[in-house]
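Below, chain A partners chain B and then partners chain C, in two separate complexes.
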Partner chain A sequence: MSTPVAVAEPAANPAGPRRAGRLTGFMPLIALVALVLALAIADSDFLTTRSLTAALRTAAPLIVLAAGATLVVLCGGIDLSIAALASLSTVLLALWLPDLGGLATPVVILAATAIGAVQGVAHVLLRIPSFIVTLGGMSILSAVALVVSGAGTVRVVDDTPVKWLELYVGGYVPMSAAVAIIVVAVIAVVLKVTPLQSWVSATGYSESAARLAGTPVDLVKIAAFCVSGACAGLAAVMLVSRQYSGGPTMADNLLLPAVAAIVVGGTAITGGHGSVWRSLAGALVVTLLRVGLPIVGVPSAYEQILYGVIIVVCVALTLDWSKVSIIK
Partner chain B sequence: MFAALSPQFRSLGNAQNIMDAAAVLAVVTCGITFVLMMGSIDLSSAGVMGASALTVSLLVANNRNDNDLGLLGIAVAVLLGCAFGCLSGLALVLLKVPSFMATLGVSAIGLGVATLMFAGVQPNITDAMLKGWAIDRFLGLSYLTWIAVACILVGWLIQRYTRLGRYAYAIGGAEEVLALSGVKVKPYKVAVFALAGAFYGLGGVMVTSQLGAGLVQAGNGYDFSAITAAVVGGTLLTGGRGGVLHSAVGVLLVMVLTNGLVQVGVSPYWQGGVEGLIVVAAVAAAVIPQRRRNQVVK
Partner chain C sequence: MSVAEMPALEVRGLVKHYPGVKALDGVDLVVRQHEVLGLAGENGAGKSTLLKALVGLVTPDAGEIYVRGEAVKLRSVVEAANHGIGMVFQEQSLVPNLTAAENILLGSEGASVRRGLYRWDVMRRLAQEQLDKIGSKIDPLARTDSLSFADRQMVEIAKVLRIEQRSQHPPVIILDEPTSVLESKEIDTLFAQIRRLREFASVVFVSHRLDEVLDVCDRVTVLRSGQSVGEVAAAGAVPRELHRMMIGSTGSDDHYHENAASVVGSEQPRLSVRGLSGKSFRGIDLDVAAGEIVSIVGVHGSGREDVCRALFGAEPATAGEIRMDGRKIDLRSTRAACAAGIGYVPAERKIEGMVGPMSVADNMTLTKQKARCAGPFVAPAKQASLVDRWIERLSIRTPTRDTAIQRLSGGNQQKVVLARWLVGGDIKLLLLDHPTRGLDIGARSEVYRLMRELAASGVATVLLADSLEEAIGMADRILVMNDGRVVTEVACPAGGKPSPLDLVKEMV
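== the complex of A and B ==
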C-alpha cells in the first residue's frame, strides 16, 4: 500500500528529516534545562539541595518504571500494566517482608519479572496485540492486589531490609535516585555491548524484516516484557521504602506519568527509535512539571490535563509517519 | 449454572437487579461498540464519564450553586461527552496518534477537568427528576434501564440504517478499500468517536443519578467492563464484526457472571481479574485461526 511512498521519501528529502531528527533528539534535554531555569526563577528556594534531593527522590520510581517500559515500546509494543504490577509488588513486598526479611526484595523483583514474562509469552504466542494483553493484565493484577491485601494498606512494621534506599550517596544524592540511574545505565550498557540493541531496534523498525534476517524476535519481545516487569518490581521496592507500607492502588497513578515520560523523551511509540536515556530525561521533565506546577501556583488538578495533552502531542511529534499508513 | 448454585440468583428480584445494574454499562458499551467496529479502541470512557457526571451535577439543582437547568443540563453533559469524543477522533485522524494513546490522553484530560469542577466539595444533586430516574420504576424496571434500552435501540438504528453505522463497519473491515473507492474516511472516524463520547456522557449522567452526587470516579472501571462486554458479545477488536445488539447480549452475560460470582461467594474484588481473563481469552480465541497469517503483532 504505502511502499512507493516509503521508498521515495528518503531520496526526496535527505537533509530535512535528519536535522529535524537531531533537534527532536535534544528536545527532552532542552525542556529539562528550560524547566529547571523557569522553576529557579519562579521560586528562589528551588535550587537548594533540599528541594532538589526531594525532587530526585520523587523521580526515582518513575525513572525505573519508564526505563523498563521503554524497552517494550522500542520493540513496537506497549506495556500498560507497569503501574498495576508495581502496586501488586508493593503489596507482596509488604506481606513478605516479615517472613523473608532481606530476601523479600529480590523475591518480589523475581516475581514481577515472572509476571512480565507471562504477559510477554501471551503476547508472542497467542499473537494478541500487546496493549490488549497488558490492559487485561492491568485488570487482573489490580484484582489480585485487592484480594491479597484485603483492599487495604499493608503496613510495614520493620523496614530495615528496605531502609538502605533511604540513605544518601556522598551525603547529597538519594540512594533511590542513584539506583534508578544505575538501572538506566545498566540497561543502556547491556544493550550497547550485546547484539540486543540492534535486535530490539530491528524488531521495532520492521518486525517482518527482522524475522527474515534471523533475529530472535519472539525472545527479544519476551525479554523486553521481563525487564519491564523487573523494573516495576524495583519501583515497588522504592515506593515501599518511602511510604513504609504497600497498597493495592499505590502506584496506579504512575501509569500516565510513566507513559508521558517515555513519549516526552522522544521514544517513538511505533518502535525502533529511542533509548532509555531519553526516558530518564523524560521522567525528570515529568517530575519537574509535577513539583513545579504548585510552585508557580497552578492547581494540581491541571496535572492530569497536562499529562493527557503531553501524551497526545508528543506521540504525534515522535511518530514515524512513513511507516504507518492506517492508524487504528 | 449460577441458578443451580444459589437460590437467591434464581429470584425474579435478582433478575431485575441485574437489568438495573446493567443499565449504565449497556449505554457505555453501546458507544464503545462503534469504535471497536472500526478496529480502533477507546479507553477514554472513565475520564469522559467523570467530566460529564460533574457537569450535570453542577448544572441541575444541587447544593453547590443555584443552577436548575434540568433536561438542558443533561443535554450539555451529553454534548460535553460528544466534544471529548471529537477530541479523541481529531487526535486520531489529524495527529495520527494511535487511538489507544489518544483516548488514554483524553481520559486523563477528562479526569482533570472533572477534578477542577469538583473543587474539593462534592456536589449533591437535589433535582427530583434526575434522582427519580434511578428510583422510580416502570413495568418493574427503573427508568435508567429503559433509557439504556432506548439507547441500544437508537444505537442499533444508527448502525443499521445510517451511513455512519455502515461506514464504521466498512472502516473496520477494509479501510484502504473504502478510502480507494472515494469515501472520505476521516470525518466518519471523528463522528464515530463523537457518537461514542455522547454515549459515555449519558452514562456519566446516569451514574450521577444513581449516586445522587457528581464524583470524579463516576466512570471508574466502566472502560474495561465495556470492552469486556463488547468482546464477549462477539465484537472483534480487529474491527468489522459485531454490533450493538451483540454487545447488549455481552453486557447481560458480563452482569450475570459478576452477579452470579458474588452470589456464590466469590470476592467482588475478583471482578476485574475475571474481566481481564475474559478479554485476553476472547481475543486469543478470535485470532488463533489467523495465527499463521499474522506474523506481525504489535
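== the complex of A and C ==
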C-alpha cells in the first residue's frame, strides 16, 4: 500500500499507444512538408535556390545544437547551458583565431566538450538534477563570456580558417548545413550500431532499471553531456564563420529554438524515446517558422510567443504520462 | 432486515485484473456495524487492491460494493468519504510542516475557512473535537513533524473520523498495517483506541502479525489469490489455523519441483560473505554453494532486502567482505557485480527489473552486451538468434522479439528479466528478490522449474521468497533474519522440510 496520490495503471489497450507512436513518428516530417508548401504558396520566391540555401544556412547551427542536446534529453536530463556555451565558444574562437589559426576550431570544440564534461560529472557525482546544473552553468558561462570578451563583440579580422564553412557542396548545399547533417548522421549511426542505443534508452526510460541491469549509467550520462558540449562548440564555429565575429550573447537566442526543435521532433522530454533525426526535422520546422513569420506578415517580435507555445503543446503531445505520477 | 442490522459495508464478487494477473478474483467481504474485522492474507493475496477499491483508489472490473445495503460506486477518495469509508494509510499521508489541526481538517475545512481565510479559533475547536473523540491529548496547534510516529497516527485517525460529518452514519475506518512501525507500548495504545472506535464505527484491520489480528479483531476474513477463502471468529482461534488458511493446502503436489532439487556438493562455497554490515543489517555471514538455493526469510524490516541489494552492490555495505569462488570482490557498483557473474532480479519488476518501452530483445541483452556484439558493434543477426533461442528455451510467450516488454504478461516479463542474466552464459550467482511477486500460479510454477534447472547447472541462488511456503518449498537451506541479523539457520532438504511455524517463531 503506497501513498494515496498516484496509482499507475498499465495501459489497457495494446494497439493504442503503438498506433499513436507511429503517427507522432511522422509528425515532424508532415509538419515540415506542410510548412514548405504553405510558405511556397504564401511567397512565390520561397522555392528559389537563394532562399532555400539561406534557410539551410540559418538552420545549421540550430541543428547541431539540438542534436547534441537531444542526447542529454534521451538520457532523461536536459542541457539548458548549450546556448550560453555556444556564445562563450564564439568569443573564445574569435579571440584564439589570430594566434592559433586553423587549430582554433578543434581547440574550441575540445574546450566546449570539456565544459560539457564538467557539467556531466557535477550532475552525476553530486547528484544534482541536470536542470539545475545546466541552469547554473548557463549563468556562469554567460558571465565568463562577458568577462573574456570585455562585454563586447570580438571582431575576426582574418577569417580564412573558418571560411570553408561558407563554401557550397556541389554548388548548392551550404557547407555548414552539410556538416550539420553529417554530425546528426554520425551520432545516429554510432548509437545504432553499438550498445549505446540500448544504454541511452534504458537510462532515459528507467534509470533504476538500467543501473540494476549493470548498465554504465553514469558514464553514459557524462558522455551525453560531452557530446552536447562539443556540438555547442561546433555551432559556435558556424556562427563565427557567418558573422565574422564572436559575441558574448551571440547564440543566447538559440536556447528556446533548440529545445523547441527537440520536442517538435517528438523526442520525449522525460527521456528514452526519440532520436537525433527527429531533432533534425524539428530544427528545420523551427527554422522555417522563423523564416516564414515575416513572409506571412507576423512581426518577428512574436517569435518568442511561438516558441513558448510550441514547446508546451509538443510536450503535452509527447509526454509519457505513465512515467509521471505527480506533475510538479 | 432492519437498518440497524445491515452490514456497514459489504463487498460481493469484486474482480480486478492487471495485465497477466488477477489481483482480485471475486472477493466477498462483510463488515458488520460496530465490529473490528481483520483481513489476513499473504503478499499478493489481494489485500492492498481490495483496500484501494474500498477507498476509491482502484476501480474494480466487476462486482458490487454496498454501504448499509445500498449499492455504491466509489470512484475517488472523496466519494468513499462521502459514503463514510476512510483509510489510515500505512505510509502516513500527513503534511509534515502543517499543524495537527490543519492536517485534521485538510480537505474538509468546513467552518474553519471563511471567505478563503483560515479562522484559527474555529479550526482549533474543530480539531480538538476530533481529537477528543479518540481521547487524545495532542495539542492541535503542534506542528506535525514535531510529533512522534504514534502521535501522528492518532492525528491520522482523528482526521479520518472527519468523514462522520459527511455521511451522517457511523463510519468504516480502514487501518492498513498500522502496527508495522510501532513499539509494543504504542501498539497497546493503538489497540485500546481501536476498541474505543468500535463504539461508534466499524473498523477493518490489516496486519501481517496474526497474533495481533486475533487479539484486536472480532472476526477475521482470510484472502488467498484474490479470493475470500474463509472466515473465523477471533475468539478461540489460533494463528496456526489462520496461517493454514492463508497458504492453502498445496503442500501435497510437487508445486516446487522438489524432486528436481539438485544435490549440493560440499566443496568451496561459490559465494562466501563474512561480517557484511550496512545501514539496516550487521554481521551477516553467508555461504552459498554451487547449485544450492538459500532462502532468507524475515518479517518486513528484518533487513533481508537490503542484504540482497548489498550483495549486488546496489546498497552500500559499510563493512565485511564478499568472495566469489574464493576471489574477493569489491562490490560498490552493480557493474562489478555483473562482471563477477552475479545477477539480480529485483522485487519491483516494472520499475527496476525491466525497461518497459524497450523490446524483449533489448531487455534481454541489456546487461550482457558482448553476447550480441561483434567487436564494438551490435550484430543484429547474432542478437536475433540468441534472443529467439532463449524465447524458445524459456517458452516466453511474446508476439515477436521486438515487442515492447511491457505488453507481455507478468510471468513472461519475469522470464525475460531472468533470461537477461543467462544469455551471457557466465552466471554464477542469482539473487532473486521476490521473483514470483504478482505472478499467477502457472507462471510461478514455471519460474520455480527454471530455478531448479539453473541450480542443477551449478548456479548458486539466494532467494527472498514471496511467502514462507515458497521459501520452504524452494530452499535447500533457510536463514532467518530478525532486526538486521541472522538469528538462525535451518536445513531444508527435500523430504525434511521444517514447518512454517518453526520459522515464524524465530522471525518475530
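Here, the second predicted complex is superposed on the first by the 317 of 328 C-alpha atoms of A that agree within 3 Å, B and C clash if a C-alpha of one lies under 4 Å from a C-alpha of the other, contacts with A are read in each partner's own complex, and residues count from 1 in each chain.
Definition applied: a residue touches a chain if its C-beta (ideal position, glycine included) is under 8 Å from a C-beta of that chain, and two chains touch if they have at least 3 such contacts.
All of these numbers come straight from a predicted model, not from anything done at the bench.
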Quick one: is A:Ser130 in contact with chain B, with chain C, with both, or with neither? Answer first, second, both or neither.
first
Is A:Tyr302 in contact with chain B, with chain C, with both, or with neither (first, second, both, neither)?
first
Per the contact definition in the header, classify A:Gly272: touching chain B only (first), chain C only (second), both, or neither.
second
Which partner does A:Thr215 contact after superposing on A: first (chain B), second (chain C), both, neither?
second
Should A:Val193 be classified as contacting the first partner (chain B), the second (chain C), both, or neither?
second
In this superposed model, does chain C or chain B come into contact with more residues of chain A?
B
Examine A:Ala202 and indicate which partner it touches, taking first as chain B and second as chain C; both and neither are also allowed.
second
Residues of chain A contacting chain B in one complex and chain C in the other:
1, 208, 211
Sites on chain A touched by chain B in the complex
1, 76-78, 122-123, 126-133, 135-140, 142-144, 146-147, 151, 207-208, 211, 256, 259, 269, 271, 299, 301-313, 315-316, 319, 321, 324-328
Residues of chain B that touch chain A when the two form their complex
38-41, 43, 47, 91-93, 95-102, 104-113, 115-116, 118, 175-176, 224, 227, 237, 239, 267, 269-277, 279-280, 283-284, 287-288, 290-291, 294-298
Residue positions on chain A within touch of chain C in the complex are 1-4, 7, 9-12, 14, 192-195, 197-198, 201-202, 205-206, 208-216, 272-273, 320, 322
Which bits of chain C are touching chain A when the two form their complex?
18-19, 48, 51-52, 55, 57-58, 77, 87, 89-91, 93, 176-177, 312, 314, 334-335, 337-339, 344, 346, 350-358, 362, 365-367, 369, 372-373, 376-378, 406-407, 420
